[in-house]
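Consider the two complexes below, in which chain A is the common component and chain B and chain C are the respective partners.
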Partner chain A sequence: MFELPSGAEIQAIIATLNASVGFFIPEIFLSALFMLLIVIDLAVKDRKNDLLAMTTLLGLAGSMYFIYQQHAMPAGEFFFGMYVLDEFALFFKYFFVVSGMLAVIVTMADDQFDREVKSIGEYYAIVVAMVIGMIMMASSADLLMIFLSMELVGLSAYVLTGYFKRNASSSEAALKYLVYGAVSSGLMIYGFSLIYGLTAQTNLLKISAELAVHGYDPLVMILATLLILAGFGYKIGAVPFHFWSPDVYEGAPTPITALLSVASKAAGFALLVRYYFISVPHGLKPYEDFAGIDWHSLLILIAAASMIYGNVVALWQKNVKRLLAYSSIAHAGYILLGIIVMDKLGTQATLVYLLAYFLMNFGAFYVVILIANKTGSENLDDYRGLGKTMPLAGAALTVFLISLVGLPPTAGFIGKLMIFASLLNKGSLYMVLAFIGIMTSVISLYYYMLIPLNMFLRDSTQTEQRNMSISMTARIVMVALMVLTIYFGIYFAPMMEFANYSSAMFGMKFQ
Partner chain B sequence: MLSIIVFLPILAGLVILAVPSSQKQVIRIVSLLAALAQIVIALLIWRGYDPSMAGIIAAPGGSPAGSFQFIERLPWINIDLGNFGKLNIEYFLGVDGISISMVILTALISAIGVLSSWTIQKQVKGYFILYNLLATAMMGCFVALDFFLFYVFWEIMLLPMYFLIGMWGGPNREYAAIKFFLYTLFGSVFMLLVMIGLYFSVIDPVTHNHTFSLVAMASQENYIKGAILGPDNTLWRYVAFIVLFIGFAIKVPMFPFHTWLPDAHVEAPTPISVILAGVLLKLGTYGMMRINFPLFPEVFHASLYVIGIFGAINIIYGAFCALAQQDLKKMVAYSSISHMGYVLLGLAAGNSEGMLGALYQMFNHGTITAMLFLLVGVIYDRAHTRQLDKFGGLASYMPVYAGIVTVAWFASLGLPGLSGFISEAFVFVGAFSSVTTRNIAIVSVLGIVFGAAYLLWSLQRMFLGTRKPDAAYDLEVGSDGHEHIHFHDWKGKLDLDARELVMLVPLAVIIIALGIYPMPVIGLLTTSINKLVTVLTPVVMTSMN
Partner chain C sequence: MEQLTHIGLNHYLTISAFLLGFGLFAVMTRKNAIVILMGVELILNAANINFLAFSKYNGDMAGVMFSLFVIVLAAAEAAIALAIVINIFKLFRSVDVSSIDTLKE
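This part shows the complex of A and B:
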């Protein structure tokens, strides 16, 4: 049934590809960086860890130049509608590149790598691969492309999670992550196939047009929605697709935990927003007849469940990384609130929240690593008395945690403010969700404050003197993150303007 | 002027950050200098304040300039959000009759708190940085006229307070600190929702943008019809009023949200108790007068009776609890709850006398309770106990202390000639003259009787009679043949020393002076109070048929 394309068709295909490559330069550059890192790893004999790290940092920084140039390009789709370039995608490109850079900086600070692995080897290359994958997730406009980019991110993440080969909990985490990932990818691809069956299209815009014209069977649609949500929900770590996250976050190397909890989650949100805002319309007629359930009401349930479950279960955690894992489930719920309102203000709120979450979560994990370097532990009890021996780290961690609670004057407060503002702007309709969000953030105060409580209010049980001084570089990074968290809490206009600019999405129907 | 008074303490905090932590005396002196400078500025503001300008709402034409004083107004966040209009947040400070007395009170109590903190020996640097942060946030709350700014200051207060109680507090400090934090946060998160709702419902009459300005929000004509808190949306306006009220009532603290207060007071170090009782509690009632009532006047009017009932419960319940306490500090804490009940009762009266009494009572309660907690601290420093039955006969051994205690105790029970009497009298005059609260006022008078009971009883148990057998101090006959007492391991002066006198005497002078001639404070308040009452009184619709 397949015919060979004629010469003219091949010519046309090549022409399109040629035209499209111009929009793909940051990704190409990063791929080159990926290969360069592997070559360096193979070619250089000793003391290559720092060289690899610096190359990665410079390479990622360099890719920002190419991303910056894309601002001048018109929004549109290319590679036969596989891939889009718009302000929304650009936002996430910056987001992931900077996340990657921070992950490298955090890795350099983490002493556990020296203990666990002889050579850092291909680690940085895989981090770059994961960044490429996430960038592609945020720019995909086609079901196939979505699946491929998600798999790229997933496979990189499995390897990175299990990077400490001799460490049982790291390997366990990787295996769990892999099994969950495989199942949810399978479910998602099944959902995609149903959508393809309904519309005979894989491009999101064409799916949308097809659904609008021809309608669809509500039962198939809700089934497909559920299955696809399983894939996206797994990426963003929302209830009930969160089961992997506490174990993986606890077992993975901490820089990877930070990367998973911030960047990979953000990539999931980018996909979720693009997929549902563009392809599957909310509230079209035959669709709503199915007991009134559509992706929108499912998201409402997921958001509420995530906020409640994440915050309540975190109350009992004794391990700080695990505690932050549950907190990140809860934050997935808050971010979903901005998506649920489905307007420009809500998208903006989502982006602002992601920026704030980026600062405070990376900051928190960074301090957790610095502390673990000195104490060798991530248990809450071992944080006792650290406020006296590491006052700067204690103060910084307190700022990040306060920001995670959402108290002013921190960036986290602005995120919450925007989320609740977008909910209330929709009128009293979403009041219940706002109420749940508000109540659960009060609950979250308790467990976040357990960390400063142990650091400052309790005395250490340790009697021997330990060297608790932190290197200058680590201090600078920590203070920079802390100052930014507070600065954007007091003067958040730049953050808002960036989010406002970035909330434009190619092919979006509502404004 | 206002910016300086707000941010002086935080500047001192930054200076302290640079001082090495071994230089304890330098750190203390820097804080004291900032606090004294705050007092000087507060006095300058007081001198320059024109009591004939009303405040509360904007002058005719929508500009606050002719109504508020010492205005500082700068754009803070100004972003164009496309079809959502402009996001407009201002750095907007100003004072009127409601806040002027609180500004003076805050400056005064902050300085006294610094003096009282002289005895803190543990981690002095961290303590004073947090203390100065707290002082900035408190002052900021009283002068902020932009809801967003107010909210930021309001929330910034929580964290330093948590650490100040939690790190320098008594044995059960962890519990007390987190309880304080959770309670107040619970109240304020709802304030956040109401604040956002108000933003979407109010239009600034001058710029025609949405605004967080409390001045614009206080005028009902600035509300948009059909908005979530617009004039026609009765249900949500009631909900917003109630959650705001609960948020502020937790701070007051009003029964049944009061349980954090005794815990916090008992665990907190003396200066923090002074700040807590002297200033922080006033923020609750100040918030009601500045935000809760004027923004929702019709709901306020419908709930006068309920507020009055809660006021009466506070007065009587607080007094009963105080009567039952064995711990002197806990007794003072419950007396504080009882006395804040008078403020609520005065507000519930809804007329000028009641409101004036309430506001004046806030000032007087600030000075009197600060003094009470300082006096509790004095005896606790010496005896390391606050149990009422561990003393007896102190009056003959510590006469100066006993004298000042008597002034404070009598001021607290409302003896004529001391400032507490005048404000309570105003509250009762107001409450009696309002038909709604008359019966409540009659019941509440009982609170004065119980108040006299616990105060006089404690005075008798501690200071009169002779030393109790298991007292916290020993009796010995000195070489001169007189009896002396000495506290175990207390090296300082037995009676009040110079630092303690410097803290206590000014407060005593203020209490006596304002009891004899209250006009210096009342004169500042009356115009604004009258305006507030007009704003709160619903416009009576004349029947057309």
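This part shows the complex of A and C:
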């Protein structure tokens, strides 16, 4: 049935591989960094091991240089259509490398690591592995590559979530994350197998062409879409695939919570956009659906449910990390709105929102860690009176929370404005969605503002004086994030232009 | 009668659909973490059968490749999963997922 390749064919394969490697340099560099970190960890035994952290930071910063060089390369597929390089992928490469760096900085500031683990060990190496996986997720153009990169991110994330081995809640979080992750990726693979059966292709562009030419059975298509959406929905943490996220966000080490809620979520969105925009022939009429349901209406349902559920359930949360978990479910809904619009403006809005979300969510988690280091608690009631003892942290957290609500003059406002503008630009069709978005933002104002209320307007019940000073590095990082959040809320043109530039996707032509 | 005497694509797809159903059933109803992971393996192997059957009837190698990668990753996932489950057993003295519930609102 299958024939052995001839010598000439093998030569051609080697030539393609050689030609493709030039487009893969950042990933190769990061893989080398991953191995270097393991070797350093073996060679240098040190309790805190700042050497590892600094190597990771420098390595990640170094990879940005190679990513920058890729701007000059033409957009296209390589490695036999497995992998793609375009402006959209480049945006996410920067995004993930910088979030990896921030995760390292946040880890260095977190005192919990000193208490929970004897030595930091392979932690940074696995963070780098996760960054590589996320970069690959954003650049995959083949079902096989999508699956492999998602598993790379998933497996790294399970280990990192359970990194505090002797801590019951960290291990429990890892188990829950693992069970949900394994089931949803299994379902996704089954969906991929159905798509492969429909089209006999695994490359996204070829799937699109095949579906457009030969058509498909709507029932199988909607079944495959549902199954694949289970995999993607789990990564972005949207309702109804969100059950893991509050527990995992609460139990995981806080830097990992930040990484999961920002970077891993963004990677899921990158995949979602690329998969649905490119592989499903949505522009062609008649687009067959099953009983009026297609992937687009499924996404609309998921977005509305996420916004409502996330914001309403967050009202009752007492733990700040848990509160931020529910808020991140709601934000997944807002970002989905930009994808639902499905045009250039919508994609641009999605990317702007992701940038803003990156700044404000990382900032919020960073301040929560700094406060937890000093008070030993993430409980909302223990935030009372902190505005007086930690004024800078209080001010920074307030800025991040205002940005999460979406009030001016912050980056979050620009993100929400872009999303709603792109929705309304499509006409009255999406008026209801925009209305739900705005109403739920109003609800979110209540629970976000509970935190500054406790910090500034209520007095602490504790009488003894504690040392509340924060280290200089932590102050600089916090202020930098705060200033950027406000800066991009006022001078948003660079952010918009970068997002506009990055909305170009290989193989995608917006109408 | 031909359906019974001649094995075709539909037979493979039916078996894989049954395996997916059993896997999902195990994941949803069982309380033991190890049995849940066995359910996940069933789901993955259901997808594997699909890939191999489609590959055979399409006449290309992409499905075979895909299933090989799925097998390898299932092994990697099992390694990490069992490490986490062992750690859970050390801490909780149980692998019953309903008794592991320190995290809730």
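Simple rule for what comes next: the second predicted complex is superposed on the first by the 501 of 511 C-alpha atoms of A that agree within 3 Å, B and C clash if a C-alpha of one lies under 4 Å from a C-alpha of the other, contacts with A are read in each partner's own complex, and residues count from 1 in each chain.
One rule holds in what follows: a contact is a pair of C-beta atoms (placed from the backbone, for glycine too) under 8 Å apart; a residue touches a chain by one contact, two chains touch by 3 or more.
Please read all numbers here as calculations on a predicted model, not as lab measurements.
In the superposition on chain A, A:183 makes contact with chain C only, not with chain B.
After overlaying the two complexes on the shared chain, residue contacts for A:427 are found with chain B alone; chain C is out of touch. Residue contacts after overlaying the shared chain place A:192 against chain C, while chain B stays out of touching range.
Contact with chain C, but none with chain B, is seen for A:155 once the two complexes are overlaid on the shared chain. Of the two partner chains placed around the shared chain by superposition, chain C is the only one that A:143 touches, whereas chain B remains out of contact. Touching of chain A by both chain B and chain C, each in its own complex, is seen for no residue at all.
Listed in rising order, the residues of chain B touching chain A in the complex are 76-84, 87, 123, 126, 151-152, 155-156, 158-159, 162-163, 166-167, 173-174, 177-178, 181-182, 185-186, 189-190, 192-193, 196-197, 199-200, 228, 236. Of all residues in chain A, only 344-345, 348, 388, 391, 398, 402, 407-409, 413, 416-417, 420-421, 424-425, 427-428, 434-435, 438-439, 441-442, 445-446, 449, 452-453, 456-458, 491-493, 496-497, 500, 511 touch chain B in the complex they form. Interface residues of chain C facing chain A in the complex, by the touch rule stated above, are 13, 16, 20, 23-24, 27, 33, 36-37, 39-40, 43-44, 46-47, 50-51, 54, 56, 58-63, 65-66, 69-70, 73, 76-77, 80-81, 84-85, 87-88, 91-92, 97, 100-105. Residues of chain A that touch chain C in their complex: 1-2, 143-144, 147-148, 151, 154-155, 158-159, 162, 165-166, 168-169, 171-176, 178-179, 182-183, 186-187, 189-190, 192-194, 196-197, 200-202, 246-247, 250-251, 316-319, 322.
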